[in-house]
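Shared between the two complexes below is chain A, which pairs with chain B and chain C, respectively.
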Partner chain A sequence: MKKIDKERLLLAIAAPVLAIVVSFVVTALVLVATGKQPFDAFNIMFQYGIKSDSQVYILDKATTYYIAGLAVAIGFRMNLFNIGVDGQYRMGAFFAAAVGGAVTLPSFLQIPLIILVAMLVGGMWAGIAGVLKTTRGVSEVIATIMLNAIATSVIGYLLQPGRLGHLDAAQTQVSTEPLPASGHLFNFNMGELNGDVYGFIVIAVLLGVAYWFVLNRTRFGFDLRAVGQSESAAEASGVSVKRMVITSMLISGAMAGLIGMPTLLNDAHQFGTEFPAGVGFVGISVALLGRNNPVGVALAALLWAFLERTSTQLEFENYDKEIVGVMQGVIVLSVVIAYEVVRRYGIKRQQQKVGEELAAQAKNKQEVTA
Partner chain B sequence: MPPALFPRGECAIKASSPNAVELHGITKRFPGVVANHDIDIIVRRGTVHALVGENGAGKSTLMKILYGMQKPDEGTIIVDGEKVTFHDPGDAIARGIGMVHQHFMLADNLTVLENVVLGSEKLYGIGGKARAKIKEISDAYGLGVRPDVLVEDLGVADRQRVEILKVLYRGARTLILDEPTAVLVPQEVDALFDNLRELKAEGLTVIFISHKLGEVLSVADEITVIRRGTTVGSADPKHTTPKQLAELMVGSELPSPETRESTVTDVPMLGIEGLHLSEIDLEGIERIVLDQITFTIHKGEVLGIAGVEGNGQAELVEAIMGMLDPDAGRIVLGDDDITHAPTRKRREDGIGYIPEDRHRHGLLLEAPLWENRILGHVTERPNSKGALLDPSAARRDTERIVREYDVRTPGIEVTAASLSGGNQQKLIVGREMSHLPKLLIAAHPTRGVDVGAQAQIWDQIREARREGLAVLLISADLDELIGLSDTLRVMYRGRLVADANPATITPEELGSAMTGAASGHLEHGDDTGGEDR
Partner chain C sequence: MRRVTKITAAGIASAVLALSATACGSSSQSDASSSGSSSGGLKVGIAYDVGGRGDHSFNDSAAAGIDKAKKGLGVTQVKELTAKTADTDADRETRLEQLADAGYNPVIGVGYSYATAMTAAAKKYPNVTFGIVDSVVPGKNVDSIQFTEEQSSYLAGVAAALKTKTNKIGFIGGVDIPLIKKFQAGFDQGVTDTNPKAKVTAQYLSHGSDLSGFADPAKGKEAAQGMLDSGNDVIYSAAGSSGNGAIEAVAGKTGTWAIGVDSDQYQDASLAKYKNSILTSALKNVDVSVYDLISSVKGGTPLTGTQTYSLAKGGVGLSYSGGFIDDIKTQLDAATKKIVNGDIKVKTTVS
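Moving on to the complex of A and B:
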């Protein structure tokens, strides 16, 4: 038994490591093909990535990506592909910023209010896809992609002066009304040169713990995982699959609503055209690479932030920063393949092991097992 | 079924031609199980050769080996006198071996012609030549296939003929038919058998897999019996009775499921009244799957339902489990009306469920055994306390189930997928019994289970019944049904058409009632059976 467990752990780690190694090799080949020095490029990335201000940047970015990864992972554990995390995130962040800018309450009310609005809006936006899936059989992939597009239009419409938009002093930027000071979350000051680590990182860690606990230690989590593994078996076991689809979409969307909170509460304090886009899609990559595991997703988020940070430096050194995009793409591609390969190998391997052990047992007992 | 109308023995004419297929010493091991060992079969050209055996005897594995879907660990395959090794079905087709699967593999939105040429466009193109060829084959063997009809407009029997044509189109001279009659009604079965005789008359060879003895005796020229993974004998259909064949198939050492001393009480446990359910099928026609089903199971009673698969048994089970919502009628468990209650409530109220398809409805294959022990009982102790799981208690209890129900496994952390079918089933039985159900729904509880485990499962059902358990038993194994049940009902096309006393009825009599030939109360020895010998 011990042996099987250890092997399982090894296999679990093997896949992402394999994927990352492959992607480095492929990237190196691409660099060589374009007449560049691959190891020099990697060296630049590494050297730049471990500098203190880079580390702060990476932690901040990773906080956002981690929450995005969790939002996607909740869907994945259910066998739902919530590709609309990006739209849910932007809708959540936008309305949270609008509400936060419109009222002024003491901090201990203001911040929870903003967070709550973000979760509600994100959850409702995802819930539309959940309801469409359970009542009309619309694939959640299609529905959430459409909702992403609608989210862009809705925000574009509302984010205008006279509606929910607000023109800044220089008359160049439109954003929501800036949050009052009571809506600013604490930061960890890392020194003048290095910048701040977002205070929201604490909440992100708690979210990771909650994610693990709910999935692995509660009845609800068991039902959710059961549906993800076999819808028919879950149904027969007494789970209402339809209700579970809607519930998990709501939770995934609420989590997606939180993605914008580090940026909003710790940094920008308003939602404008500058607000990062596409974070939801990063979440998909991060969840895939992290294997929906709370620790794995954290490592993947850090890796993603690291790659993003170091890509800027590559440009200064006369490399194309797009090379990092190639790397990220190859990681996602190979991670998907590697997991499937390792998964199949693992099942087969375990069947063999069990067979062998049973055969050995049977021999010891001098009896025939059928 | 009127098998006696057809002469048998045309095969003798071609006795001198070489054998179409020979299998020698075929052995195939799966983890923890030997699916086939030392199989020897000789199939002569131009015959219908039946391969019979119980569910789980190893017929399908053997045919997958012959069709190149699995590689044997030992043994040789000889086709037309030549030793061959198949790496995939393509190799088998190249050697003239084709397979018609139990579940049709047709694209509904394409025409018959398109389905037939799909993947074999190189043979005769996709146009006029292909159509002519299809016509030619269809006429030659009397298949009556219309090339330009959409498959979605075809009924089951027609689809099956398209499948057969597909195989012939690819040049097959030997056809493997896997349980071809399972989905057909009796008249369609007769038509299929006519087609098979046509094929045979043209010199083609048919390997026919079945566990229905009457059909086998009516259509086959030769019979090979498989039991527990190996060939145990062959029979000449002209000189064999269904009883002899059944004995060969089941073996005399089979533990008897007999349970005679009655424990039936007069306290109703499950009451079904006028249950009605209709479905819209693929052709868009409303089909009644459950029609005015009414019965009562008392405490300590085993009610057995006999019937050819697909006559509504699965839907009945799903309606009682709450997975299908009936259109009309009432389901009463004890004193509670549970007609529209959610599945979880029913389980908590004491319905245990041994599903027909354990992979689809009973297990999470990639989850460890202890999580599978939780499945279906997540709200009950020892699996959870309040809203939280109790993994350590669940693990301990899984250890106990593994011990008490003799689940052969190296531990409880292995995935359910790594156990053999019999051990998976023992785990399910152990899990359901551990929650002391008031009503057990057992659908094919010993399907694919080895003989030892079978006896054990029967013992457990019997023991629980003594303590007042009510059981709804659905099985294709007539001996199991007759042996375990206190009351028998026959289900045919969604209705309970007949009842019988298991103490006096024989499998043959029950079997004929299952084809719809008899109804009402079946008395032993009366002539409702429609038997031909």
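Moving on to the complex of A and C:
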């Protein structure tokens, strides 16, 4: 029992490690091809990445990416490809910021209200794709990616002065009304030079625990994974696949709505230039790399944040900052390939072992009968 | 068994998080008060907006100022960094502080998106002079550089209205933010004041906080193609490097004109193929403002507060390269005069 667990764990870790090693090798080759020293570049990244202010930055960025990864992972576990996390996150953050800026309540009501609005809006936006899939058979890939574009337009329309927008003093930037002080979440102050670690990191950790618990320790989680592995088998055992599709889209979307919360509640306190498009896609990479496992996704999110942090320093040292983009792209590609390689290897090993055991049994029998 | 290992794993993970959260080790930033007073030659740090040096437009206009300072002021050390589309304020602040910390002074942020980041950075590095283009940042050590783009856009509108044959004129904006609407407002007014029959169609490439519209030539080309297909024959794009795509599309159809923006795009080597389609460019002399700032820091009395570079001061204007608008110079000069002496008040918002 213990031995099998060890081997499974080893195989599970092998794939992402393999992917990261491959991507470092490929990046090194690219650096050499452009006439640069690869190890100097890696050294710069490492030295800069472990600075204390870098650590703060990495934790803050990773908090956002972690939630994005979880949102995507919920869909993945059910074989649902929610590409719309990006739109759901921006819609959630935008409406949460608008509502939060419009009312002033005591903190213990204001913050939950903002979070609730974000989850509701994100969930509803994803729910549209869920309903389309169950009632009309529209692939959620198509529906969610279209909804991303619609989200951009909806926000673009509403985020105008005179609607929900608010011009800054220099008349150049539009954002929503700033949140009142009661809408600011606590931060961990790491000193003048290092900045703050977002207090939302605590909630992110709790979300990870909740994700693990719901998927692995509840009936709902079991149903969800069952549908992910075989829809027809799940249907036969009495699970309503349609209901599961809608529910998991809603949950994935609600989680996506939370992606913008660390930035909104801990830092920007308004919806403006602080909510770049593309975070949802980082979530896909992070979920893939972390194998939809709450701990794996956390490590992947930290790695991603580390890479982004160090890319600025690379540029500062006259390297092409695109190197980090190359590295991230190669990681995702090799992750997908590595999983397949490791999976096939695992199956082969399993078959060999079964074969050996059967052969041994047959031999034993022969010896007994002989 | 499995349950135990999972719980251990979760425990280890949270411990790792907690440990790294204590932020041990040294900060990459040295003590703020000590930096920024380096003697020796002038070290200029500049952080470009998305697209960076080589966008043939807004950023290149700032880069031209740096190049002039290298020649005219003997600046030898320049560090140039560029924004990414997915940046947050934390990234922008990092960029500015990296420069300030390494002893670069002045540190210039090209583009309004650096405003929030610079507010924080300027506080942390009180001995460094900062400069921001297109926004206003509080602080005694900040030079806020603003341009009256609506005035040059008005003149571009006059030129477009006099050159159009179909009475259909296009405007392509990078992102639908107030700054770019200022271009549209001036352009609209210039067209209608000159030729009331002409109609301006406006299109924006991206919206709100999505800044990709400033750095996507493919989108610019597509938008311009659409406008050409529906009969527009003069297209003005205020969209950073996306405008290059628009110019390319316009060059593909004879008898149509493109109006460039920020830099004199007729002179741009990479657009040389299309230069005979570039009617004029609405100049925004970011180079002048960048040069002024560097020169003031060199002189020992750094510029601070808000500097407005207007038509009257030569901060904005039209380019005459190629000679395509020489025939309408009298009308343009008349309009310029009226703007300068206040007879024409150019609007800054689209009605």
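Following the convention adopted for this analysis, the second predicted complex is superposed on the first by the 353 of 370 C-alpha atoms of A that agree within 3 Å, B and C clash if a C-alpha of one lies under 4 Å from a C-alpha of the other, contacts with A are read in each partner's own complex, and residues count from 1 in each chain.
One rule holds in what follows: contacts are C-beta pairs under 8 Å (C-beta built on N, C-alpha and C of every residue); 3 or more make two chains touch, one makes a residue touch a chain.
Since this is a predicted model, take the numbers as computed values, not measurements.
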### Query
Put the two structures on top of each other at chain A: do chain B and chain C fit, or clash?
fit
### Query
Which one hits more chain A residues, chain B or chain C?
C
### Touched partner set for A:33, first chain B, second chain C, both or neither
neither
### Task
Quick one: classify A:222 as touching chain B (first), chain C (second), both or neither.
first
### Task
Report, please, how wide the angle is at the C-alpha centre of chain A between chain B and chain C, in steps of 10 degrees.
130
### Query
Between chain B (first) and chain C (second), which, if any, makes contact with A:298: first, second, both or neither?
second
### Task
Considering only touches as defined above, state whether A:238 meets chain B (first), chain C (second), both or neither.
first
### Task
Considering only touches as defined above, state whether A:351 meets chain B (first), chain C (second), both or neither.
first
### Gap in Å between nearest CA atoms once chain C and chain B share a frame through chain A
9
### Task
Report, in rising order, the residues of chain A that make contact with chain B in one complex and with chain C in the other.
1, 5, 216
## Note on the structure
chain B partner, complex, touching residues on chain A are 1, 4-5, 216-223, 225-226, 229-230, 232-233, 235-240, 347, 350-355, 357-359, 361, 369-370
#### Entry: Residues of chain A that touch chain C when the two form their complex
1-2, 5, 9, 48, 50-61, 152-153, 155-157, 159-161, 167-174, 188, 190-191, 193-194, 197, 201, 205, 208-209, 212, 216, 263, 267-268, 271-279, 294-295, 298-299, 308-309, 312-313, 315-316, 321
### Query
For chain C, which residues are in contact with chain A within the complex?
1-2, 5-6, 9-10, 12-14, 17, 20-21, 23-29, 31-32, 79, 81-82, 84-91, 94-95, 98, 102, 112-113, 115-116, 134-137, 144, 146, 176-179, 206-212, 348
### Interfacial residue positions of chain B with respect to chain A in the complex
29-34, 228, 321, 323, 342-348, 353, 355, 360-367, 371, 374-379, 384, 387-389, 391, 408-411, 413-415, 417-419, 422, 450-453
